[in-house]
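Next up: the structures, one after another.
In what follows, chain A forms one complex with chain B and a second complex with chain C.
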Partner chain A sequence: MNGIHDLGGMHGMGPVNPETDEPVFHEEWERRMFAVLMATFANGIYNVDEFRHTVEKMPAAEYLSTSYYEHWLHSLEKVMIEKGQFNQADLEAAWSSVSSAEEIA
Partner chain B sequence: MSDHDHAKPPSDTALRVKALESLLLEKGLVEADTLDALIQLYEHNIGPKNGAKVVARAWSDPEYKARLLANGTPAIAALGFGGVQGEDMVVVENTPDVHNLLVCTLCSCYPWPVLGLPPVWYKAAPYRARAISEPRAVLKEFGVEISDDVEVRVWDSTAELRYMVLPRRPAGTEDLDEDELAALVSRDSMIGVALIEGA
Partner chain C sequence: MPAIPVDMVIPIFTGGASSRLEADVPAKFKAGDSVVARNINPSGHTRLPRYLRGKNGTIEKDHGVFGLPDTMAHDGGESAQHVYSVRFSAQSVWGDNASPRDSFYVDMWDDYLDPA
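The block that comes next holds the complex of A and B.
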């Protein structure tokens, strides 16, 4: 598949910009995202092929403008819904619930 | 629920992750203890210190080095390292004539059991795009100049197959033991974007 993920040799990407003394995670949500995705791997309800397939199907502009762990988030939400582990309404209810908790806090 | 067809996720990614985590917990699809254990393991226990031990052993023991280069996965497992994202390992050796560099152009495949989780630059577009088309220029950005008479070999990792570079042993380290040697080995030297001082 000749998608945006196939970056080898592409021009115009700019310098590499390595970070000195980089932490394993930059934000708490990255740590949580890592853990939930790995836990679904570990208990067999999600696998690396499903991960790759959903990330490679991301719209090109979104793929390039979002970070590594945002790709993970996109993929895990999609795969869990596609496999019927929960549905879109469950996810939206969870969105409302965290958003209202945040407003109260 | 048709009113909700177009509900938008929270614009704050942290909240969206929190929602996903709480839903997975509520449905019993993941367990809180497992999440804590995974974070502990990958943030604190697994990292490039593992790979450095493999390198130090290879520098100290020619028989081990031969096994490591011939068949990486079991030789690495012999030191206690293996598992997720390192199921099939190939170790490539830097020599006076060859410098090796690792990339994953399609994604961010990286040998977790020996190097831990990959740095942001390894997963980002510039490195993935350029490491295969202009590796010497990329190496210069890391402060590494490879002379023209040294071949640069770039290894593109896949979901199934992961590489690790065996860097050159620095001169004047004949008297060091394995722990002292391991302390010289940086993560970047095992990706191929750094040299070890004196090597």
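The block that comes next holds the complex of A and C.
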């Protein structure tokens, strides 16, 4: 699809500034995001191309204003719902329980 | 797709895994062939970047046979086919704004290419 992910050759995105000694994960939740995604992936629920396409389908403004692992979270939620692993109501219930916690990370 | 056996999970994550297929599929192109990237604009998934559509390149290397992401992403099967490293001169893509000395190499599936 001709989405915002396919931004090769576009101007206005600013310089690429690689971090010095960049850590594998910037936040503890990113480490967990990696593990959760790999666990579901290893279970054969979906393939990497389905995963990538759900990232592509993110609304453009949201895609550009969220981080790499937030893209993963978005995609995982969408693909798991598509595959019938849980539904939107399950997801919202889970979110409401964590949003009341003092410390999510 | 099948689950990965438990004892293979850590080796795959630490050592990597190949998505290469063993299917015996004829190649449409060979190294040195001139090709043009198709101008396709599917609403589904593709790994053919917009900036290459309609651009001319040269087959540099045949990587072998792989599944096609365009069908894999939509429960459409593997569509096993050859993937090539295709060389595009920077100027063929970006015109005079690019250096005449630069080229880049993009992995392209058979379904992304026509003979030029």
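Odds and ends about this structure:
The rule is short, and it goes like this: the second predicted complex is superposed on the first by the 101 of 105 C-alpha atoms of A that agree within 3 Å, B and C clash if a C-alpha of one lies under 4 Å from a C-alpha of the other, contacts with A are read in each partner's own complex, and residues count from 1 in each chain.
Everything below uses one rule, namely that a contact is a pair of C-beta atoms (placed from the backbone, for glycine too) under 8 Å apart; a residue touches a chain by one contact, two chains touch by 3 or more.
Here the structure is a predicted model, which is why all the values come from computation and not from measurement.
More chain A residues lie in contact with B than with the other chain of the pair chain B and chain C. In the superposition on chain A, A:N2 contacts chain C only, with no contact to chain B.
By the touch criterion stated above, A:G44 is placed in contact with chain C alone, chain B being left untouched.
When the two structures are aligned on the shared chain, A:R52 is found in touch with chain B and with chain C. By the document's definition of touching, neither partner reaches A:E62: not chain B, not chain C.
Looking at the shared chain after the overlay, A:R31 reaches chain B, while chain C stays out of its contact range. In the overlay built on the shared chain, the residue A:E82 is in contact with neither chain B nor chain C.
Common to the chain B-facing and chain C-facing surfaces of chain A are residues 6, 8-9, 38, 42-43, 48-49, 52.
By the touch rule above, chain B contacts chain A in their complex via residues 1, 4, 7, 9-10, 12-24, 26-27, 29-31, 34-36, 38-39, 42-43, 47, 84, 103, 105-108, 116-117, 119-121, 123-130, 132-133, 138, 141-142, 156, 159, 193. If you check the complex, the residues on chain A that touch chain C are 1-2, 6, 8-9, 38, 42-44, 46-50, 52-53, 56. Residues 1-4, 9, 12-13, 19, 41-46, 49-51, 67, 69, 72-74, 93-94 of chain C touch chain A in their complex. Listing the residues of chain A that touch chain B in their complex gives 5-11, 13-19, 22, 24-29, 31-36, 38-43, 45, 48-49, 52, 55, 64, 67-68, 70, 73, 76-77, 80, 85-86, 88-92, 94-99, 102.
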